[in-house]
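Both of the next two complexes hold subunit A, though its partner changes from subunit B to subunit C.
And now, the complex of A and B:
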């Protein structure tokens, strides 16, 4: 009965959206904008979501989510255009796609490759949506049992795991980035006693740092500096005829698609790691499972399908912790969280009581966005390719203006701009030195949650940490955090190797 | 991202900065109420506002120490000494390009936006960036940076002294006119710098189109559609108001 009721609400939401011409227009427009953003090297889905957030201040939360999810889905998919046609991934999520997509385009099969990625991306988004609708009630029911200790450990786990998995250099650089994010979250009056921390007597800092300008600074400014600093010559895009929706190939590759979708959803659900990792892991899994792994990298359609299915399925996966726990599953989801908070929606276990139909509305939007993406991909591919000819030094200054006006529009505060620029410059240097930005951003977002829940938990337990060991979920989270940290040290690896040797000898 | 020894050198410097930052944060945290009363509330250590900053600062200190040791072991300190000795041999072009970007962003946000009409501030920034980086000529970039820097100094002098106030009392939009003159001077400067180069003429034309079209679309969208008041509404935005309210 409960399932039927949920499906009933889901379909009524879907029907309401389909018959709302303004909503549909907004969805198609934002998906198209997302495809353009994803296709243009230097612009990312995260930046697209960040900039569009600034245009949604005056909208209702549900309408804003149509626009933001549309640009998110379109942005992740759009990266495949430049990856396939000019061998430069438009977004990091499409990096694995270029390995086989570009060789396919060189063979004159660019249209076919785009057709496969379009269909695979749509299926990936659809599978992700199925997981959001089916797993969300379960997770939010479990999360209702959480106390302050679990929320503190969950926030800490999100930062640690994101730092561990996204760091391109040393793992502890990811953790440092997370701690720097936590520092930024501390600035302002603390949530329990209203004591001013690191405010330097500035009244503008008393309320804490605004999340949106910090996120726009952290994601936008490094992108602008990086693209303008490094000379970028636009490459000639490979020509293609029409995009063929190859259903036969898709049916043949169904096992790969399902495996990749599951990988995408699973990776998306892990806090803070995004579509790029999903694409790579899925590509690697497809190569390992293939009977002809040697053909990967030479234009194998399976590689393209694996990467694109996973990166779009990751969107649904990232929505699961975001909506049910208030923890973003990927960098664009972090931006979505900021947008939701701006619109007065606080994701977490209480979401299903505060806004009972919200999760079902999100799933309906995801379903429609995947359709919109497929239709636009099939119809407008040739027009989208034209944007690859625009030189980045021409559009990056426009992005700078959008970043500035978007940050300012939140509360009409010039101080937001004064904040955005230093955050952006620091984020640029950190990126250059191999520090990932995702944990920093997650630290900024989850900082207040970690701080307040730790102190609240200790208040209840009169300063005792024992509940961490007596509550099962808290204990599991604690052990995972400890294991994640300890496993990065050589001592642990040596001990593990010694243990293995000992076990083999005894056998 | 940096690679090899350059990265380890940067790690060495960063770890030292992080150590300093961690110590500062720790000292600041110790100044927060730990056991004393704040706002009528008797504190205990576990409710203290200092608890979380202490944890974060200790975390930063530990990780910065690990990073420092790794950087020293992998030759980061030695690489820093070597690079300081050979400072004059370093490739200056990326540094100049980076400096030019910083100049454009910082002057836009901290100098022009709070004081000059937003339309003018935007066209100044857009034309500077597009001319400097889209024309893709290092000598033009260098000369334009110097020119733009000189303009910024002029504006700093104008705003730091009572000069801007006096000018604005004479005529309400005097500083906007100065900004407009600076923009015209920059366009003339770029045209003169590319004289005789037909390949650059089309690019300058495109740069000017983008420079004007962008704020002409963005400002009305934000101002009249989203009702966002611009940071500073001077002469040009006043003209926009006149047009908008007369056709509305």
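And now, the complex of A and C:
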């Protein structure tokens, strides 16, 4: 009964918004802006939300939320454009998308891939929204089981899983790349006691390495050097491309879509981690569940669907702790928190009493944003694919310039360029040697979280590792990590096979 | 030819006299800029925008707030504001944390080059999780004394105002706590709710929702006066532990400043407008809605507050090893 009543209020809110032309225009405008931000390497959804916040001063809280959620949804989705078409993920959230999206584009199916990701993202956002309406208090209670040990294990799992999934040949190489990223994340003054680590007395290194220049350098520069060496396989654009996915394909992929959406909501709801981990974990789950895991990484549409559904479902997930506890579930949600407070809305446990309809308004906005994103995506994809017809010798220099501008624009620091170029060159040689780059970037992103939470956890337990085994969530995470690592060794597979034989014989 | 020359001279004279005339026009004759050193949407930003809107009504010109962030302790915005002409048309919107800019290497002067106008701040409060066995400050102090160095206490990052209050609380009560730093107030409070820590010190504004929802139990505010939040009154921690008065309060001071180089005539105009603004309904409502204690301090009173904050922060950071510049070289006295 309670749920039905909530849906009633929800639909009346929705109707009010659909019939407000200014609101709709604002929604489409901000979703479009978000897609642009997401697609450009270096401009992220977080930055988009931050920049737009300053422009929403004069608006009412609800109107401001239309603009901010619009740019958030668009930004998370837009990253898939550059990931699929040029193999440079526009945002970290789309890193897993490029694994299968780019091979698809190389096969000449870029348009189809974009159509699939658009639909998958829209469904993901929609499922995330359903969770915000129905069971958000329950999810936020589970999220409170997470203390420092759990956060550390979760960050470490994110690095390990991306290493496991992306290695072209030996899985160790993925882990090595992940640990390299973790090492880069250590540079700078540590977050707990301010001790300078690997700064060599350089003031620019004190704040640590910024993620955006590392992301752009590591993904963009190897791609550009590849063209210079003239053996770049340009993605193809076939003449008659169908962007709208077949209804049958979507129905067939429904289990993957639903599983990925659930993973996305769950990960979004955990405070502090967001779209980037959601994409990886869901990609991994899809690969494990697949009947033909070997086709992943060579252009499997399921891989693209898995990561894109999850990173958009994450938005709804991230709103749950934000609205119910006042704790942002992802970095862009942290920006949203600031914007909400600016408009006099203090998210937290009292929100239900202070602004009873606010959560439902947010969900109505999310639903509309996912529609707007789908419509815009369908219209844009056709035009964006044309980019591939530009000959690479003309196209790649433009990308190179965008990479440089993208790194510099963040804080206008020339030092970011000195950082981006060496990272890019190292990344190029690593790629040549068959090391995957994605785990390195994930390591840089999740490194501070792993490092600070491990040390904080040890401060809390006064040096004891026992809580890992006594806390239920920590124990589950620990076992999953151990299993992920052990399952990669041939010994494990042989043991498993032997066990199976033994059991069958006994029967 | 002669005529043209005459005309030129005449126009020149006229324009010069106009400039003088405009110079004599009463201050302020054009819009004022508030260079705000923190980002948009934060507490300092919101408070400044509301007060500036009220001051603009008294002064009869607009006050434009521009956020110039970056550096350490707001140093980029402070330099920007200080390097503009000292003509009374630039204000720096800031808060107590700017006193750390010097020892962090972003500001080569003491902070007494500014003339401060303090809007106020939210008092800090010491709370425990809702299921904690400790019902009062005395309970908590007794528990801390029974297991020295082990009672887990959270506050935001080391060297923050919350941490300074925690250190002062330890000194004032003669206890030693296991301080666990967090990235900000929200994660620190979250850790108290999950039971990872046994007590937390952040501001009332930040805890209000959690206290009202019954997830945190406030034991005492770290200021001399009790604070009323909804229908419950939070006592002052000073009532149960008189020793605290020697080390506390160390309060938030959100407000703005003008360079001391600005002529006194203009600064007094700003001061009048500021005091008038503090008495208006919108500012009072803002204070109530956001759990602030409004201050309104200016002149010598405000200068003394910032002097104390500066020496306290600078020397604490130096002792923690978190400072880059020795406070002695900046001439900052020990607290």
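A few notes on this one:
As a convention for this text, the second predicted complex is superposed on the first by the 274 of 507 C-alpha atoms of A that agree within 3 Å, B and C clash if a C-alpha of one lies under 4 Å from a C-alpha of the other, contacts with A are read in each partner's own complex, and residues count from 1 in each chain.
Note that a contact is a pair of C-beta atoms (placed from the backbone, for glycine too) under 8 Å apart; a residue touches a chain by one contact, two chains touch by 3 or more.
On a predicted model such as this, the values are computed, not experimentally measured, just so you know.
Once the two complexes are overlaid on the shared chain, A:146 sits against subunit C while remaining clear of subunit B.
In the superposition on chain A, A:224 makes contact with subunit B only, while subunit C stays out of contact range. Of the two partner chains placed by the overlay, subunit B and subunit C both lie in contact with A:459.
Of the two partner chains placed around the shared chain by superposition, subunit B is the only one that A:414 touches, whereas subunit C remains out of contact.
Legend: residue contacts after superposition of the two complexes on their common chain; A:339 is shown touching subunit C, with no touch to subunit B.
In the superposition on chain A, contact of A:433 is made with subunit B only, not with subunit C. After overlaying the two complexes on the shared chain, residue contacts for A:193 are found with subunit B and with subunit C alike. Look at A:402: by the touch rule set out above, it reaches subunit B but stays clear of subunit C.
After superposition on the shared chain, subunit A has more residues touched by B, the comparison being subunit B against subunit C.
According to the touch criterion, the shared surface of subunit A, contacted by subunit B in one complex and subunit C in the other, consists of residues 57, 192-195, 459.
Contact residues of subunit C toward subunit A in the complex are 39-42, 45-46, 49, 67, 70, 105, 150, 152, 157-159, 178, 180-183, 186-187, 190-191, 193-197, 208-210, 212-213, 215, 289, 320-322. If you check the complex, the residues on subunit B that touch subunit A are 1-2, 7, 10-11, 14, 18, 25, 28, 32-33, 38-39, 41, 43-49, 51-53, 55-56, 59-60, 63-64, 66-67, 70, 94, 97-98, 101-102, 104-106, 108-110, 113-114, 122, 125-126, 129-130, 133-134, 136, 206-207, 210, 214-215, 218, 222, 226-229, 231.
Remark: subunit A residues 55, 57-58, 168-170, 172-173, 175-176, 179-180, 182-183, 186, 190, 192-195, 197-198, 221, 224-225, 228-231, 391, 393-394, 396-398, 400-402, 404-405, 408-409, 412, 414, 417-418, 420-421, 424-425, 431-434, 450-451, 454-455, 458-459, 463 touch subunit B in the complex.
Listed in rising order, the residues of subunit A touching subunit C in the complex are 53-54, 57, 144-148, 191-195, 203, 271-272, 325-328, 338-339, 341-342, 344, 346, 348-351, 411, 452, 456, 459-460, 462.
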